[in-house]
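Each chain carries a letter (A, B, C, D and E) given by its place in the written order, and its residues are counted from 1.
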Amino acid sequence: MKKTVLIIIGLIVLGIAPLVVRSPFFVHLMIMVLMWTVLGASWNILGGYAGQVSFGHATFLGAGAYTTMILYLSCGVDPWYGIFIGGIVAVLISLPIGFICFRLRGPYFSLSTLAVAEIVRLVALNWESLTAGPVGLLITTLPQVSFFGKAINWESKVPFYYIIAIITLIALIITYIVSRTRVGAYLLALREDIDSAESIGINTVKARVVALALSAFLAGIAGGFYAMYLRYVDPDAVFSIGLSVEMLFIAVVGGLATVGGPLIGAIVLVTLGESFREHFLSGHLIFYGFFMMLAIRYMPDGVWGRINTLFKKLRLKKDVNHGTA
Amino acid sequence: MALLDVEGLTKCFGGLKAVSNLSFQVNEGEILGLIGPNGAGKTTVFSLITGFVPPNEGKVLLEGKDIVGLKPYSIAHKGVARTFQIVKPFRKLTVLENVSLAAFLRHSARKEAEAEARRVLERVELIDKAASYASDLTLSEQKRLEIARALATNPKVLLLDEPMGGLNPTEIDHASILVRDICKSGVTIVWVEHVLKAIMNSCHRVIVIHHGEKIADMPPEQIVINPVVIEAYLGKKANSYKKGEPIC
Amino acid sequence: MLTIENLEVSYGRAQVLWGVSLNINEGEIIALVGANGAGKTTLLKTISGIVKQRSGKISYDGKPFDKLSSRDIVKMGIVHVPEGRKLFPEMSILENLMMGAYKVPKQEREKRLDQVFTLFPVLKERMKQLAGTLSGGEQQMVALARGLMAGPRLLMLDEPSLGLAPLVVERIFEAVMKIHQEGVTVLLVEQNVHEALELANRGYVLENGKIVLEGAGNELLGNEHVRCAYLGI
Amino acid sequence: METLVQSLVSGILTGSLYAMIGVGLTIIFGVMRIINMAHGDMVMLGMYSSFWALTLWNIDPFVSIVFWVPVAFLIGMLTYRFLLKKIVPAGELNTLLYTAGLSLFVSNLALLVWTGDYRTIKLDYAVMPLRPFGIAVPIPLAIAFGMAILITALLYWFLVKTDTGRAIRATSQEPMAAALMGVNAAQMEMLTFGLGTALACGAGVLLAPSLYLYPTVGEILVAKCFVIVVLGGLGSVQGAIAGGLLLGVVESLGAVYVSVPYKDAIGFVIFLLVLLFRPSGLFGVGKS
Amino acid sequence: MKKLLVLALFCFSVLFLTTPAMSYDTLKIGAPQPMTGSDAPFGAKFKKAYDLAVEEINQAGGINGVKIAVVIEDHQAKNPLAATVTEKLINQYKVLVLTGGRASGQAVEIASVAQRLKTPYVVDHPSADIITSKGFEWIFRNNPTGTIYPQAFNKFISETPGALPKSAAVVYDNTVFGKSIANSAMAFLKSKNVKIVNDEAYPVNTLDFKPIMTKVKANNPDYLLMVAVSTTDAILLTRHAKEMGVSPRAFVGFGGGFGVADFATELRKLSDNVFSSAAWSGNPNDPKTKAFYQKFEKKYGFHPKEHEVEGYAIVYIIADAMKRTKFTGNLEKDRDLLRQSLLKTDMTTVFGKVKFGNWKGPLGDKYTNQNIYSPDHSVLAQWRDGKLLNVYPKANAEVKAVFPDPSTKK
């Protein structure tokens, strides 16, 4: 009951935020938070729920971003379909990657994703006829789209905000569905013990592929959004290992295998980033590293997980008090 | 026709024959004991039947159909469930989640799966612990959780790998009752056990394997006076030493 | 020589040993028998300091040693040859033996090595061979020899016959007898109940983490309870 | 022909230093099952040590290595004791993420302290290379090659011939049995981490005159390290030596005969193939 | 947990509180630069250059009495962050005009945002052609584009008798910068029927160029052309080329790295006779440049190079445009007014002459608001005993070129 109220309040806040916050810069920041949330959520499905730690998630973001860009620039495909197609292309790319990397377990899987991501980056950098190589792709204008008869003003942040807000909602809902249904339960089982999972009838290969595909789809969509919002992609920006590590960081700090974790992680990443940059000017990455170590050492369940356990404890306490009274 | 029919099963690890030309049948509704000294290959037999390890030779027929070569999960779909000797619960999940996961095999809706899981937990008397994390259970409870998880897949055949290992006598008696009860509800059971007392009291038939070969297949009361079995268990001189004297 | 009183051990929440008491006198061979999962290996691990007890007392020559680390325990002459042999597979036989003498002063090692090689001449011939490439019986020999290199007063053997062919088992037990004749006290954990009890001066039967029976080897052999424990009627 | 010999020589020279770094990583993995993402940063610290010793005290890198290696050994032990010891039991993935955090921390701290300026080391005697048989052999790399071989050989001798070395290998092969022989596992782990760090730093000191240094140079090197140790089989010292030399040669030949832009990709492709088809490494004994 | 919440709240409050109020007490120039990360040293260089120029201008009375200020924001060399900080500078700090950027990837992002938010962006250093070839009317660039870099070299080989290479090996870094220069040079060489025997793009941060040079040596090129965005790459390329025994008639370097003092101090005699075809090479005899060098060295204790000159010059270009603008107090209007003034810029700075215009680049790009004098800035210089001396075009030449390279006589 309380939860529904909270969610409704959250949705309302999300909905009216850009109308209340007038500063375009803060709207921009919120857009960044939401974009990182989608990326964190994407990583979380594979890394948090299914326990397959990937160091190469930027591959899917890059695939989505480039697909959307290329389709728009060379085929004139409307970006709003392009973003969706970007997600699908990311899924298609994820399948052979899964075929290769899922033969490996644990840290070996992680290292193999790192290697695949580097190979993909090098291909994107050198396949000039497709990607324009290091020069990158730039779009100057977005197509006319009308919404209820009114042309959308792409120079304003607000339409982008609503688009990413919807994508974020989709990502969170997918995560929620995953966490609540058979699929998610299967992923958790996979993370805990593959033999046991097989013994109770879970097709672990299929489950992992589903996790990867979902994860790639979300990252690909976020990539498409990235391309349209920032209007410029180049291989080092969208295929870098650093980007993959940031996604991982968001999911780990926010809380592995939690629905709301990535949102918290993204808020932490973006706001900490902004304020550290303002106050320390340099060296804020030191704090990232430090924070990551602390998180793994003391909060293996992340901020969200920590909050959850605290609430659980509180509730238990209440129950106990109630029982004795 | 036997429910489960194992024919000429052979498995080599390196040069060592872990299971060698093993054949036996499991009839519907029985509890079949599978015993043998340490390293006799009992767990390997289970892994071969459930598809975790592919055999070098041999067939496993479930209701007449060969299931060799299938993946473990599809064998589970066909109605063969197993437990593990070294318990493998999903540690960071609750007891209820552990069992519901297995119940998802036959119920796609979460609610139904959970209801089924609760029924099973009720049966193995773990319902009080439904909300605890699996890692917080005692060994005896984890063993029961293991059984509950297998049961929740609604199997035709249940392969129990040492469910009594590490339990104390009261717990063993308790667990024996549970096993018999499960059998009565219509699940056929193959039971690997070291605690022979439990086996002797509950099984309809017992198979003894030694060095991967079947050395005996008979009712429990005959097993205990079978010289070959005693030799396998107590050492080869045991018979000559105590020839003619009754045991116990 | 070794006295154990009321030992209780648990892994996390699962208690494995419940008030185990036993004592071993100098020069004895003691057999410790019991079904799988009865707690035999845990008992050995507790004595050798790998596992810490929850309560109870272990003393050696009258001195309690529950605070000692496994390193000091080896130094005192209590040596544990683990189940499954656990050789260092990518080291030669010689290196394995030298590892056995890890806590032995350098000048004494040569002497030890000679002793071990007279006991197991076959190891001397093949001392450069990698332990991982040996057969099961040979590996068990190396494991025994490695244990001897530490210069034990009390040698604890965990299932030395596990997974070996009957002929090889006999040779292993011969070796154990020889080691005993050299003046080493032996604590033998075995599934091969008959051989073990025949060899032993005394035996203990462990069931579900408790000592249920003790007595002279022959006595136990004839005991109905032993058969009950194993065949469970 | 000359091109082939030249690229082989260059490959082997660089490969010897890769091998030294790889050996450090592999022994750490062997004993503790840590995949140390911060290993490359240890190399980076070594490079800076070399640079500062020359710049501030005018000590030649090939001399300063004599004291930097022990210092690195101590730092490694302290790092293990205060940062890693508690996290090692948490499993391979947690340590992987943890050391990734450590790497971020160390490289950015270095950025803060030393700035991102690219620096190079100038050695008066090393302007032109030697030219035996018309093959160019840069002097600093030749000296580094010799020292890398010497240090790796010393380590090998240590691991094979000394009690402690044997104990380290024993712990990596069969930790339980090693403990029963009286080996103090925690001590061995600390020692191994110290040794691994010392090797990485030492390689950094030796590499500094041939390459240039900047705080995030570790990122490139750590990726190479993983390729090397996986090629050789994680945990195998001989494998890491062979893997290092192999990677050096493959990179060198690949750049000459295949493609410069895809030079790094070749290493990764081999890495994936080995992971998939021979997970115990090309030179591993092959534990299944 | 509580601490975390407090921290989060703190972060938010910091964000909101530091929102500066709009005012014309100072005229603000925004400069996204990499202040952390591996590009940080460049950010620091520009900051020093900006500070010096701002100080001088303000001491001289500012812009009609109003002081100017450069607001630097760190983009860490990450594209999304470059967009973020540009938004922040434009919307939060309410800057009138932007400059900076450092690397091309971030500069494209800044240009894209600036164009959308209708704020002038005067590029001081990034050289990717794409920035001024997409018809962005709010974007101006003083420095030459990548494809203009080889201009002096092109003139040299086509105008000097016997200098036209028979074959050339081109080695360049696989970035926008390296690629633009290499493509431009190769296009020109091909038009002269010169055979390109090596076309090698190396990944940035290549630690070992020996394999590449081994490959180059096998083809025995008449000219070796090297492009490097960073000084260390330039040094290492030259060193490894000479170590491996590549012996062309001329070693020609493109990019800032080949023109800085470090190049000679690192390479000593290996640097002798290496050509540097640069976008800009300061003439130390010019009084304006001389004065700048002295002032800079006095303030910071080291000799300024290309980056500092660019940063210093850009502030003067912007200040000049501001002086010619009648500000209304309405930010949006003023930005457009400032843009109009920039279009009319015609002046000389320490970097050289500047006038923005629309024209066609060497590879056919249609430039918008690109400095029309940029091809003239291109200079071919040669290292002699640790000194870089201009050799071409003849008007700027300090000495005569040593050619072919005597050290590599076959």
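Descriptive notes on the structure:
Basically, a contact is a pair of C-beta atoms (placed from the backbone, for glycine too) under 8 Å apart; a residue touches a chain by one contact, two chains touch by 3 or more.
Computed from a predicted structure; not experimentally measured.
Within the contact network of the assembly, the step distance from chain A to chain C comes to 2.
Both chain B and chain E are touched by A. Of all chains, the one whose CA centroid is most distant from that of chain A is C. The interface holding more C-beta pairs in contact, when A-D is weighed against A-B, is A-D.
At the far end from chain D, in terms of centres built from Cα atoms, lies B. Spacing of chain A relative to chain E, judged by their CA centroids, is 36 angstrom. Rounded to a whole number, the gap between the C-alpha centres of chain C and chain D is 42 angstrom.
With centres taken as mean Cα positions, chain C sits 31 Å from chain B.
The distance from the centre of chain B to the centre of chain D, each centre being the mean of the chain's C-alpha atoms, comes to 49 Å. Across the assembly, chain E contributes residues 36-37, 40, 174, 201, 203 that each touch 2 or more other chains. Of all residues in chain B, none touches two or more other chains. Listed for chain D are residues 108, 111, 261, 264, each touching two or more other chains. Every pair of chains that touch is listed here: A-B, A-D, A-E, B-C, C-D, D-E. Note for the complex: chain B touches chain C at residues 37-39, 136-140, 162, 165-169, 172, 194-200, 223-224, 229-230, 233-238, 241-242, 247-248.
Taken together, the chain A residues at the contact with chain B in this complex read 180-182, 185-186, 188-189, 192-193, 195-204.
Only residues 51, 53, 100, 103-104, 106-108, 110-112, 114-116, 118-119, 122-123, 125-126, 241, 245, 248, 252, 282-283, 285-286, 288-293, 295-297, 300 of chain A touch chain D when the two sit together in their complex. Across the complex, chain A is touched by residues 35, 83, 86-87, 90, 92-94, 96-98, 100-106, 108-109, 111-112, 219, 223, 226-227, 230, 261-262, 264-265, 268-269, 271-272, 275-276, 279 of chain D. Of all residues in chain C, those touching chain B in their complex are 13-14, 16, 18, 35-37, 159, 162-163, 166, 191-196, 198, 208-209, 221-222, 224, 226-228, 230-233.
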